[in-house]
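You will see chain A twice below: alongside chain B first, and alongside chain C after that.
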Partner chain A sequence: MALLRNILIRLITTLVTLFGVAVIVFVVIRVVPGNPIAMMLPPGATDADIARLQAQYGFDKSIFEQFVIWLGGVVQGDFGQSISLRQPVAQLVLGRLPATLELSLMALLMAVLIGGTMALLGTLFRNTRTEGAVDVTAGMALSIPDFLWGLVLILLFGVLWPVFHISGRISPSLNIDFTTNFYLFEALVRLRFDVVADLIGHMFMPALALAIPLAAIIAQLLKQSLKETMHLDYVTLARTKGYGENHVILREALPNAVLPTLTLVGVQFTFLIGGTVIIERLFSYEGLGNMAIDAVINRDLPLIQGIVILFALLFTLVNLVVDMLYVVLNPRLRHA
Partner chain B sequence: MSGFLSIRNLTVHLRGGGPILRAVTMDVAPGQVHGLVGESGAGKSMIGKAVLGTLPRALEITGGEIWLDGVDLLALAPAARRKQIGATAALIPQDPLTALNPGKRIGPQITRRLVDILGWRKSDAEARARDLLDEVHIPDPVRVMRSYPHELSGGMRQRILIASAFAAEPRLIIADEPTTALDVTVQKQILRLISDMQTRHGTALLFVTHDLGVVSKVCDTLSVLYAGKVVENARMRRFFMRPIHPYSAALLAATPIYTDPDRGLTPVPQTVIDAVEREVEHHDVRAGA
Partner chain C sequence: MRDARGDVRRPIGLRLWLSGGWLALLTVAALCAPWLAPKDPLMQDLFLGRMPPFWMEGAEPGYLLGTDSLGRDVLSRILYGARLALIVALVAGTLTCVIGATLGLMAGYYRGWTDRVISRFVDIWMAFPPVLFAILLIAVLGPGLVSIIIAIVIIDWTRFARVIRAEAMSQGAMDYVASAQVAGRTRFGTMLTEILPNVLPTIIALLTLEMGIAVIVEAILSFVNLSISTDSPTWGGMIAEGRTSVHQAWWVLVFPLITLFLTVLSFSQLGEGLKDRFDPVLR
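For the complex of A and B:
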């Protein structure tokens, strides 16, 4: 019963949050200067033309009225029509979502692998130069934002030593028809490893740029947490049983040390998703973030709204998954 | 070399600092209970940790020998040392609330090492765990083995840790103040349980405590530790009748069980403290530390 109540509360807070986000975005993008209609029309269009289009998109009504109309559509799954692309917003946004999801999850995977390895090395070789090297590397990685890492990577692996693709999501020359927009996932399922390799070749640098700061945070937090756990009595007891250092770290300390790191990584992952906006632009990666920048440039109000709502929904989902993981991994909460 | 565990001139220093243990020598005979007494901070736990290879990183062994079952542990490579310790000795820790992994069920915490390290079959290890939990009077062992530590009381957890310590039939068990963290009412039961288990399994026991009264009940021999130095090694009877070292005598006088209750307790006199301090310092000078 407690579980059911929790889920219900969660659902309500999510809806309230999304509603709040919708209101703010709706108002802000209509208050800032820039007329979407004027940008659509060729130079020399008459005032009458402008007024006609304004009415067609409902921009002649008050913000409140516009919002009510928009909300009425949303409730039925209709997020309106993109002004610049002339297609339903829902269709456009959901079409791009898989690209951004794949990129973000790849970045998360990289961050966990790199950060986790660094934390483990720092713990295994604690109080030595290796631990110092881990600290310095993590500190440096954190002091540079993801888009600058993107530029550094382009210089390294795109120009000096060109091994990865610097733009796009997939090579146009590849002979494959996708049935979904989850290219990487689909290619894996269909065992088209040539395509997988091409996709990863495109994804590698943007994903790594997004991953580096998060990897540094994971390295620092997890190492600290591991270090504290290594002193606990049950770890010492495991040592007396004849277990070696590797077992003690990986099997006794790590599962418990992960818990305090998890919540923060969840929050940081939502920042990473936010980072896709600039990184996708930098690498011409055809995802939601790249579309968001075009939408802003074109003052495509319905599209901006749709994208922001989707991002907000994504963040809420990430937090939900983190909370669930925390319960699953922590036996003390499992029976509550 | 008379003991199953035989510590010879063991010296431990703070890395780049002063001495923590000063030429400690003591023996634990096979199947016997040896008490290790001394006030808090004397270095009792560090002796146990030195034997079990779990000294804090800030400390280092700077001299001496630790013979366990005829093998000098300090002459072994780390992996071989770990193996020798794991196969012959076990620890009953001080605080049952922190000595069990909060993320694992009780069953695997007892059985895993039997399977992983000693190569037992899983079913054998589980049967063994059930028997042992039975032996330490835990009701419904099967259910308890499926529980997580937080679902059990402190007394239960200490029983589980005792059972776990006996699981691989070690020939030496080190119990480091195994009752101090427990309720007074539970303390007696646990003490009794450890003593019974020791007798039944014929295990040698190094019993670490600051309480001479407890030692008098369970031990055959004892060592008195002061500021990292053993001031007296003795058999129990002789010690209580005729303590040789003035610090031992003073410690006895300060222990309720052997004092006339009407006379009250006599704290260790300052003159004795001063004398033993001089002796300890004198030792450092001799050892060139």
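For the complex of A and C:
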């Protein structure tokens, strides 16, 4: 019962947070100077034309009325019409979401692999120079944000040793007729490995740039909790049974050390998703973030609203999933 | 703070020296930019576009780090760019710190509805992608130095509020706080004289980190062309230009990038170093 009540409370706070985000975005973007309608009409448009279009988009009503109308639409899945692209916002945003999701998940995978390897190396070779190297590398990696890593990677793998693509999501010649926008997933399912290679060639640098700071956090946290776990009695017991160091670390210590890292990685993963905005811009990757920046530059109010709400929803969902994983993975909470 | 076990100070360490040294150098560069810069940072010369740095063939004497596509001197632009970067770091960093730490202290020490209101706002803020929020705010406020500073404060106050709230909460539960209140201090007085000094080391460490973040935010905003007017030299603006011509003139990207990299690294290492130094548990 306590679990059910917790979930209910979580859902309510999530809704309150989303509502708050909606209110803030709605108010903030409506004080933007510059008339979005005037920007979409040709120079010779009359005042009557402007007024007619403003009425069509509902900009002639008060902010409160606009909000109520917008909220009524959102409840039914209607996020309005984009001004600059003249398509339904929901359709545009959902079309771009897969690109951003694939990029974020690829980055998460890289971060877990790199960070996990570093933590294990640091534990296996503790109190040696290797551990020191892991600490220094992680400290450096953490100090520099994804934007700067992206630029460094462009110089390394785009200019100095040009092995990866520095812009776009896929080479035009390989753009097979995708039925979904999950290109990477679909290419894998259809066994088109040439397309998979091309997609990864485009994704590698932006994903790595996003992954580096998170990898550093994982390396630090996991190493710390492995260190604490290594002193516990059951680990000593495994050792006296004669298991080797590798077995002790991987099979005995790791499963218990993962839990505290998991919670923090959840929050950090939302930061990573937030980072896609500028990273997608930097690598001209056609995802949500890149679309968001264009929307702001074009003063496309309905589109901005839609994208920000979707990001907020994504963030709260990630936190919810992490909380549930924590319950599932923690034996002490499973039967509560 | 005094250490009860006596004044066993650790050596300042290479990390603090290097990062402090770089930031001091940068400050001098920013203050003396008009005297140090070999050229006018805005002066264009289309005949001298994309000249390589001095050690390469075809370099133009007087342009040490080469020129950009409009023939402007890269070194001079970096030196002038340091002014904006440091102003943003100092002003935005300090304001964010003051506002965020105050709200965090109040939430953590007063608890009750103060805490509930502030924490609810923090939750909402955490659901915004920060870069998008920043771009949105600049679009609303219009480009300019003041807008950048306001945007950074609005976005980043939660960074302080979250951490300081937690610290103030654990300090508030300590006996010495209770005894201060028994002795007749007001709650506000206790907060200032008992809680604040104890969370100050954390505040200082966070402030240094925040300065590095402010520099990055400014660079990102310049990169998407939303910072201050396009003709003032900014590191982010230089990087944006360098990104487009990276295959023809790598130096336009590399030199401002190295400067930005070292500056951000120095701020964060300084913060980490100060934290270790002030932390009574680690000392």
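Definition applied: the second predicted complex is superposed on the first by the 327 of 336 C-alpha atoms of A that agree within 3 Å, B and C clash if a C-alpha of one lies under 4 Å from a C-alpha of the other, contacts with A are read in each partner's own complex, and residues count from 1 in each chain.
Note that in this section a residue touches a chain if its C-beta (ideal position, glycine included) is under 8 Å from a C-beta of that chain, and two chains touch if they have at least 3 such contacts.
Predicted, not measured: the structure shown is a model, and the values here were computed from it.
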item	value
Fit or clash between chain C and chain B when superposed on chain A	fit
Partner chain(s) touched by A:182 [first = chain B, second = chain C, both, neither]	neither
Contacts of A:57 with chain B and chain C, given as first, second, both or neither	neither
Touching partner for A:252 - first (chain B), second (chain C), both, neither	first
Partner chain in contact with A:244 - chain B first, chain C second, else both or neither	first
Partner chain(s) touched by A:159 [first = chain B, second = chain C, both, neither]	second
In the superposition, chain B vs chain C on chain A residues touched	C
First (chain B), second (chain C), both or neither touched by A:127	first
From chain A, separation angle of chain B and chain C (C-alpha centres, steps of 10 degrees)	90
Partner chain in contact with A:234 - chain B first, chain C second, else both or neither	first
After superposition on chain A, the shortest CA separation from chain B to chain C (Å)	20
Interface residues of chain A shared between complexes with chain B and chain C	none
Residues of chain B touching chain A in the complex	52-54, 57, 79, 82-83, 85-87, 89-91, 93-95, 98-104, 113, 116-117, 148, 150-151, 161
Parts of chain A lying in touch with chain C, wherever the complex brings them together	13, 16-18, 20-21, 24-25, 28-29, 31-33, 139-140, 142-145, 147-148, 151-152, 154-155, 158-159, 166, 270, 273-275, 277-278, 281-282, 289, 292-293, 296-297, 299, 304, 307-308, 311-312, 315-316
Interfacial residue positions of chain A with respect to chain B in the complex	126-127, 232-234, 236-244, 247, 252, 255-256, 329-332, 335
Chain C - residues contacting chain A, complex	120-121, 123-124, 126-132, 135-137, 139-140, 142, 212-213, 216, 219-220, 223-224, 239, 243, 246-247, 250, 253-254, 257, 260-261, 264-265, 268-269, 272
